[in-house]
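What follows are several structures.
The two complexes that follow have chain A in common; it is paired with chain B in the first and with chain C in the second.
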Partner chain A sequence: MTPVLAAQNLCVRYGGVSSAQAHTAVNDVTIAIAPGMAFGLIGESGSGKTSLARTLAGLQAPSAGRILFEGNPLTPDAIRASAFRRSIQFVYQDSASALNPRMANWRCATEPAHLIDGLTGDARRALAETLFRRLRLPTAALDGFPHALSGGQRQRLALARALSTSPRLIILDEPTSALDATIQAAILDELLALNLSGVGLLLISHDVAVVRHLCTDIAVMKDGEIVETGTAEAVLAQPQSVYAQELIAAAMLEG
Partner chain B sequence: MTGTPTPPVLEIADLHIRFSGAQANAVEGVSLSIAPNEVFGLVGESGSGKSLTASAALRLDPPTAQVTAARLEVCGLDLRAPRAADLRAVRGGLASMIFQEPMTALAPTRTIGAQMADAALAHGARSWRGALQDAGGDLANVNIKDPERVLRSFPHQLSGGMRQRVLIAMAFAGAPRLVIADEITTAIDPTTRVAVLDLLTTRAAQTRAAILFISHDLGAVARFCDRVGVMQSGRLVEVGAARAVMGAPQHPYTQRLKASLPGAGTPRRPLLGEDTP
Partner chain C sequence: MTHSLTLARPLSASTMIAAACLLLVTLACLFGLVWSPFAPDAIDLSQRLSPPTARHWFGTDELGRDLLARIAHGAPLTVAASVATVSACAGLGVFIGGASALAPRWVDASLMRACDIMLSIPALVLAMALAAALGPGLVNALVAVIAARAPAYVRLARNQTLALRREAFVEASVSNGASGLYVLRHHIAPNILPVMLIQAVSDIGGVILATAALGFVGLGAQPPSPEWGALAASGRLFFLDCWWYAVFPGFAVVLTTLGFNLLGDAVRDGLDPRRAARP
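The block that comes next holds the complex of A and B.
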């Protein structure tokens, strides 16, 4: 099956006019995310996870290498095309700052569908109601604003927003790091249900336990490079790289 | 630790904390006692009152909080209506505190050495030079390999894990009987986290200090604490040996907290029931 998104020899560099001054955040990364996968990207702060994810989402340009969307090179034109914007959605860690505070929740939840698919009026409202029910948000909050929601509800709203275009893949950057344990568990249950219903996930996390719980496939990043990748079972049971062994041992404190 | 003749380092009985105008008490009838050299974990979610309870132990509670208690004692000193001298003896002396965010807990414009020497002088060190020398020793005690360089460094020049080590060194500098650690590993990476927790508990064992370990990291609590208390909505709902509470929680809230841990269950099975709000 053609991967939804794939990176080939992808590099992301920041700053500096000469190569000596530049910082390489992502170095020669090749990964492929098949339809329906729950792909976990783990690594510590500064390992390049977020740079890789943002580049895959078309939010920033790669310095070298290329991205394939459904098998075709992701050119600037392809990024602007509605097919890509509809298929790939992004959810941020801190939904309190990612959601527009002056937009009513129901508009917020359906804004991508409005902008990309031109959904308006009753159809837009009906989609909002469907999404609220699907993510178990109180329909009483449809006309409210994000600030009046709890942290867990805001993250549900961010998920509703991402789902509004029926995407093939949702990229989530530390979606539960700011949440308490029981709220995190509820969001993880929600993500699992989405994935089991066929929505692909690219989950970025420094929390091995979260990735172990949710993901079918894992890549471990360190200093901008993928040091290990494979099925979740294989990587977690028998990590080959020293770094992955350390990371997993540190996380298994919970067990 | 129960049954030891030495008095507890922290004794709290029927602690209530309320904010004027608030509907409910932020802390509601909490009682707990920490023995010398005991590692006591306090877990619960944001807003459950765990940090507020700990801050009351050093009387660092916010000025708008109304604190009442049947007992509130650190090493036998009554802190309910504290004398200034008692507060000075407790804060940084008998008890110290390590905060969550090491970048904001350290002054950004002064070197680590200057900050450590200042604290030592406030607690009776004779000379700046001597205080600096002691600070170097304190840094060496937390496994910092080049204390001289760190003493001359500003906080922004150190990594997050290194800054947290510095704060641990500072917390133990006054030979405290009680160290309060408030979410100290939340801001650091997982591989550094274990090293920091190992260091904290090792230093406590070496100096026979007790630790009040506030965390929402149940795995760390189960591994590093002797006893644990679980807080929910301002109340202490369960207290017991860490292994027992984490192994077989009795209170429904603790059970729910444990079920929420994604590391423990079967991968790709819902953690909570379908009835989750």
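The block that comes next holds the complex of A and C.
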């Protein structure tokens, strides 16, 4: 089956005209995300996970290499096409800054559907109600504003927004790291339910436990490179690289 | 549910003082406008320069005109002129400041250096110079006050827009295909308008003061207009013998300025969504 999204020899560099000043965040990464897959990308802070995720989501341009969306190269025109926008949605780490404090929750939850599919009026409102029920947000909060929601509810709202276009893949950048443990578990259950209903996930996390809970496939990132990749069972049970062994051993000690 | 103006907390002391000041001025002016038997320009030479009496509460001027009636008729003029002035400043600020933030860097830099130059001159001095160049008159005085005060609004709107452009919700919206106009209307404007409104309300008092100051030095409204600055300026000539003539218009300016300044604080508290209570 054609992967929804694939990266081939992808590089992301920042700053500096000369190569000495430039910082390479992502170096020669090749991954493929099949439809419906729950793919986990783990690694410590600064390993290039977020840069990779943002580049895959079309939020920033790669420095080298290419991205394939449903088998076709992702050109700037393809990023702007509604097919890509509808299919790939991004969820930010910090839901407080990802939600406009002066946009009503129901409008916020349906903004992508409004922008991409032109959904307005009663149909938009109905979609908001459906999404609120699906993500177990109180419908009383439809007309409220994000500041009145708890952290967990805000992240549910951000998820609702990502789901509003019925995407094939949601890219989540540390979606639970700002939440406390019980709320985190509830959001992860929500994500698991979404995945079981057929929505693909690309989960970025520094937390091995989070990825283990959710993902079928894992890639381990260090210093901008993928040092290990495979099914979750294989990577977690028998990590091959030294770095992955250390990362997983450290998580075992905590867990 | 409205989030903005619900009373989450009891009114603060400063809000009460603001309300009291504005209520006092409003009541006095209503009395002068509605119940007072005197027209603001009715000359009665037998009553010239009368101190406050049961008949003329605030006394009379050198032509025997009732001061309460004149102050009351000057109030709508003074307040409407100030509100129009801050509205023009806010409008110019959002338009020029927003455009500056979204424009190419050299346009932004040129506009901001122009603002720096204007902000480096004290606003009242700049307004006086402009009003003197334009010639005396209320409209010219207001144009001068707008020109002197607008740069602060431009700077505010520009900085707010720049900060908002970097927010994740703007990026999310743009990545989903939002146009510049959509972002401006749904993400930028709703978030900077409260800030501009707070600035504008807090500034009404200052504008009343500036307009009155221009009127006082003869560059603003001209007699026989009952604009407060012009009234106080006329009263100054008789100040040693007839204290009431300059003092009551001055009181009107001070109370109204204080009231609007404190109202600005109250509006700021009321409009901050993060300060509102959770439902």
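We adopt the following convention: the second predicted complex is superposed on the first by the 253 of 255 C-alpha atoms of A that agree within 3 Å, B and C clash if a C-alpha of one lies under 4 Å from a C-alpha of the other, contacts with A are read in each partner's own complex, and residues count from 1 in each chain.
Convention: contacts are C-beta pairs under 8 Å (C-beta built on N, C-alpha and C of every residue); 3 or more make two chains touch, one makes a residue touch a chain.
Not measured: the values here are computed from a predicted model.
Superposition note: with chain A as the common reference, chain B and chain C can be accommodated side by side. Of the two partner chains placed around the shared chain by superposition, chain C is the only one that A:Phe145 touches, whereas chain B remains out of contact. After superposing the two complexes on chain A, the angle subtended at the C-alpha centre of chain A by the centres of chain B and chain C comes to 80 degrees, rounded to the nearest 10.
In the superposed pair of complexes, A:Ala185 makes contact with chain B only, with no contact to chain C.
In the superposed pair of complexes, A:Leu99 makes contact with chain C only, with no contact to chain B. In the superposition on chain A, contact of A:Met37 is made with neither chain B nor chain C.
Once chain A of one complex is fitted onto chain A of the other, the partner contacts of A:Met221 are absent, as it touches neither chain B nor chain C. In the superposition on chain A, A:Arg85 makes contact with chain C only, while chain B stays out of contact range. Legend: residue contacts after superposition of the two complexes on their common chain; A:Cys11 is shown touching neither chain B nor chain C.
Superposing the two structures on chain A brings chain B to within 11 Å of chain C, judged by their nearest Cα atoms.
Residues 45-46, 160, 189-191, 193-194, 216, 218-220, 223, 256-257, 259-265, 267-272, 276-277 of chain B touch chain A in their complex.
Those residues of chain A that touch chain B in the complex are listed here as 44-45, 136, 180-186, 188-189, 192-193, 196, 206-210, 212-214, 216, 232, 246-247, 250-255.
Looking at the complex, you find that chain A touches chain C at residues 57-59, 80, 82, 85, 90, 92, 94, 97-103, 111-112, 115-116, 140-141, 143-145, 147-148, 161. Those residues of chain C that touch chain A in the shared complex are 1, 3, 167-169, 171-173, 175-178, 182, 186-187, 190-191, 194, 273-274, 276, 278-279.
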